[in-house]
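Every chain is named by a letter (A, B, C and D) in the order it is written, and numbering of its residues begins at 1.
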Amino acid sequence: MLGYTILAGLLFGLYFSLVGLGLNLVFGVVRIVNLAHGDFLMLGAFSAYWLFSLFAVSPFISVVLVFVGFSIIAWPLYYLLVPRLMATKDPEMLSLILFFGFSQVIEALATIAFGTSDRSIPGRALHMGPCRLFGQNYPASWIVGAVVSAAAVLFIYLYLYHTTKGYLSRAVMAHREEAVASGINVNRVCAIAFSIGVGLAAAAGVFAPFIFGSINPAMGVNITITSLTVIVVGSLGNPLGTVLGGLTYGISLMFMQTYFSSWANLLAYVMLILILLIRPSGLLGRSVRYA
Amino acid sequence: MYPEQPPGNGEPLLRIEALVKRFGGFRALDGLTFDLMPGEIVGLVGPNGSGKTTCINVISGLYSPDGGDVIYHGRPISGMPSHRLVQIGINRTFQVPKPFPTLTASENVRVAAAHGRCDCTAVDVDALLASFELDCYAGRPAAELNAGQQKMLDLARALATGPSLLCIDELAAGLNPAELVRVAERLRELARSGITLLVVEHLMGFIDQVTDRVIVLNAGRGIFEGPLRGAVTDPKVIEVFLGTENGD
Amino acid sequence: MAMRKIFFIFFVASLVAVACRAGATEVPKQIKIGTLYASSGTFAPLSMPVHYGLKLWVDRMNAEGGVYIKAYGKRIPIKLISYDDQSNTATAASLYDQLITQDKVNILIADAGSVLTSVALPIAREHKMLLIDPIGIGAPFFTPDSPYIVLIGGPVSTIWCKNIHEFITDEGPKLGIKRVAILYSTNDFTGTQANTIRKAIEKSRTGIKVVYDQGVPTSTTSYTVIINGIKAAKPDAVIELGYPINDISFLRNLRESGVKFKWLFTSYPGMETEHFEKTVGVKGLYYVYTDMPASIMNYKAAFGMSLPEFHAAWNKQYPGGKVGFDFNSVVGYTTGLVLEKALGSAASMDQLALRQAIVGLSGKLKTLDGTFAVDPKTGAQIGETMPIGQILPSGKDGIKLIVVYPKQLATGKLVYPAP
Amino acid sequence: MPRTMRHILVALVPVAAMALLPLVYSNQLLLFNFVVFMILAQGINVIYGFTGYLPFGYFGFFGAGAYGFAISIMHLRMTPLPALGMAAIAAVVLALVLVPLFRLSGAYFAIANLAAGLAVYQVVSNPSLDNITKGPYGISLPAVFDPNFSYGIALVLLAATMMTVIYLRNSKFGLSLQAIRDDAVSAAMAGVNVVRLRVMAWLLSAVIAGLVGGVFAWYISVFYPQTVFSLDFSIFAIVFALFGGMTTILGPIIGVVILYGIYNLIGISTPQYFELVYGLLIMGLVLFQPNGVVALFKRWGIDVP
């Protein structure tokens, strides 16, 4: 049972790395907390739902469509919201409030458009039954989620470490003021990070109907809170740390579910607080941020 | 608990003993040792990265040292929190002035007056502001002052706490010659009133104007102690400054 | 200047307040029914079908010229005043008060679900309004000292699960069920059920053991390792109690992980069959035992529409599937039917007379939801205990529901163990 | 007139208004909610306005207060007024446990505080604590139900909270808190005991939330864990206080009157667009008036304290 729990935690945790990845990229580069993150994931999930129901588009194709589509939508959104926010006294803190409001708007529009009932994509859309790993069965959706997540992490890694734009992103992440001083178009770098972040959230949403069973417009808040846990544990502002955060979250959640199931949700919050206090920079972080 | 009057019998007010401060593998202070006598104005000079600001940060309690001791009035004070140090008479200014931007200039000083040494409650805030030509800005938020005025506000705030020892981090940079002369006169006045000053400065002219003696730092260690005139002829000092460029 | 501004604001506020006070007239041109719904947030999926069901009833009544009220001896049109509480309890509380004190509604109907109903309780009691509770089935609401509540739509939570434990203790020994696993979501609805079932099994002295007994947070949507844990306890029968979203995730995870249980019960597939077929898939429902609400049993409706008629009317009025058709839709409609019948028999419009009339329907009113029965002391619904059904494969890709317990209602033979 | 006296007079206006309104407007619960949010918004003002720490998990103190109250009534057989004291104690204990969070800055503090609030909710609502908190099954306190008395106590609490903010606006303590908010290092160099003052403000704002949580529990008397541990309480209070203007005496009150007023108007007139309009309002606030309406009044030359 222990082995099963750990492997299930790994798979589940990998999916949650994907869920948190975009949020962390946005925080790292833009220095804002996108509390509407979970709502973008919800929109991605509904897009996949409609693509499947109306045109029978396989989730494997819609994940690409959704990523590209939402990245494009996020671009003007960035210029509409963020530069104005940055001009305020305390953008990091006010971003929490601004994007909470935005999350309300998205949820409201989604409710008006899709109604309140739960929807789902049938499991057969993935064309797979249960997968056998080390002699035990795991849901196909978990394996698919984990694989897509790994691909997304690889994509972000390649972007950050092997492209010019990615190099600039890292410069902005590390020393924002100096990046501004050295003439980097920080706004543009941030807009790209925001677009990719939103795109990743929506792409993660494509698999939400499988992982969560069903989707509805109100699901965003919980996803956002879980994502925050994942990225703080990994290390806030370090996109690749999200993987470690996701795995830690996944394995400990599965552990709690196996042995102390009614307390399963508590663990995430306690872990988040402890990590923040013991290693405020997260498991992988270096720079300490004391008040 | 700490006497207001400077210690007599030639006892130093502040003694820095083999001070070490590390950042990762880098030793910003590496066994620095010197004394400050009551009422003295001492300049702390040296190339960039030689440990001048770090030294002030340790004395004012921002950093706790990794080795050695800071001894004030004969008692070790290293590791004491900043606000306690302020209350026993140690204060400082910042290289980049750090006023409370949303508070008015007068409120900036009043906070300090309220929390400074208990026997200095009767600080005349208006007079203090006036002495730095800030009286007409008293009701303005500090954020609206220019950089030079903010530096003066920093100094006024430090003085409002009634310090015996005042560490001044690069006050002169950015001031015009006329202001420089006034500030130098002001510092000498403070020293005459019994306040000991430790002045970190790049402008040698200014140092020459105000200080009794200088301590030259290099790589976290003192390499010379004595009058500035002596320093400029000291071969070690010359080597350090020529090696790093004289623009300092 | 500042003071004047402030006074002005409060002056305006008071004016608005005064303007809102609507005068009540002696002979009403219309009867005002006040209710709340949650269009968003946690309770939206539960609340909206109930609300739409009720609205459907109101529309049909008004198309006939109103509802017949015995106290006035004629049909009077209904004005439905409904506010959106967004699943927020503080908002719900002040909106209930709004309905009573400002809109002066004649009849107060609670939002769906225990949490949003709970806040209405003290308000209704304070204003001596009867709270008509469609489906807030929290057991603590119904005490003999609170006459101002009556439950319409489903049995109270301690009775809801009666047939589950009776099945286990009656039929279990015959089938060879010795080990039972209970998994529940930790909210008052399913938590109360789990407590009731556990106690009943322990008291039964049948030698049946509860080998797995765990609660999970209601927000849980991944059950894979839990299923694995249950499997490790080697139960003969598994009871999973949760909200629809929990049941859906559980059944999907079960199917995806390839684990099979000999006997598995979950509440909602029988109540929201269409929805479960869409989300879980037909194959994931095979051989599952489930609650069989009266609504699915296609009772002969002596009053109001029959189930197929209602379903057709629903699809006509609410096309597009934004609000799903399910057990809760029936509850909303039934609430209207009970009101219709009670208003047609109550001697006066007094709140307690209305309650008297509703209680008086007990055992007599047969709708598409079965026979309505209510405990006259507490106002709790006790009539409809849910029969247990089993979902069996039918044809190539279909399912059929048969009733398997209680025995006298059985419509088919159960399949045990599930193949 | 001295500044403090003027402030006290001004602060009495909303208290008096909330005391008189039930005479002309009978939806007392709505008025009660107004009072609750006024108090909460002032509590946020104390901690966010004066120290700059955004308490996203403020609802944790509110819920702790509500449960402290309920448990004292149920298990200790207290009467409501002493039970309110227990509500305050519950909130203070929670606040003390969370003091280490002040090592964090900015968004980190807000997120950790949110997690803390949710963690308390998870504990309180766990079925294994059925004997103490009644777990997820909800609380019912019919014996102490007394809407008029509890409304009165809520008004007293509102008055006390207003006085607290007036004290902060006019005292060295409040000035020092603002200094810490502006620059903690400089504050230390001004001799301010940063840690102690910050903790005092934190406890103060926790007491406010705990007490109002207790009064809320008393007034509604039937509630579930998710009723009182609701993120909405944090968000609403923060948005109201921000909308009115932080660090001011009347700002948070004005914020509640305008925004919660609009909230209820939309809720009653066009509920289908409720969430949408509200979300847009919040966004507009941050983007166009981040310093609140009081700052706007100041720009027009109207001085609102």
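Just so it is clear, a residue touches a chain if its C-beta (ideal position, glycine included) is under 8 Å from a C-beta of that chain, and two chains touch if they have at least 3 such contacts.
Predicted model, so just to flag it, every value in this text is computed and none were measured.
Listed by label, the chains touching chain C and chain D alike are A. Among the chains present, the centre nearest to the common Cα mean is that of D. The most distant chain from chain C is B, comparing centres defined as mean Cα coordinates. Separating the centre of chain B from that of chain D, both taken as means of CA atoms, is a distance of 43 Å.
Centres computed as Cα averages put chain A at a distance of 31 Å from chain D. In terms of their C-alpha centroids, the spacing between chain A and chain C amounts to 35 Å.
With centres taken as mean Cα positions, chain C sits 74 Å from chain B. Among the residues of chain A, those touching two or more other chains are numbered 107-108, 111, 262, 265. Across the assembly, chain D contributes residues 122, 126-127, 272, 274-275 that each touch 2 or more other chains. The touch graph of these protein chains has some other shape, matching none of line, ring, star or complete.
The complete set of chain-chain contacts reads A-C, A-D, B-D, C-D. Interface of chain D with chain B (complex): residues 172, 175-176, 178-179, 181-183, 185-195.
Touching chain C in their complex are the following residues of chain D: 10, 13-14, 17, 21, 24-30, 32-33, 36, 122, 125-127, 135-138, 140, 142, 145, 147, 220-224, 226-227, 230, 232-233, 250, 254, 257-258, 261, 263-264, 267-268, 271-272, 274-275, 297, 302-305. Against chain A, in their complex, chain C makes its touches with residues 39-42, 44-45, 47-49, 87, 186, 214-217, 219-222, 224-226, 228-229, 232, 244-245, 248-250, 252-253, 255-259, 275, 278-281, 284, 320-324.
Contact residues of chain B toward chain D in the complex are 60-62, 81-83, 86-87, 91-92, 94, 98-103, 107-108, 110-112, 114-117, 157-158, 160-161.
Note for the complex: chain A touches chain C at residues 1, 4-5, 8-9, 12, 107-108, 111, 114-120, 122-124, 129-130, 136-142, 210-214, 216-218, 222, 254, 257-258, 261-262, 264-265.
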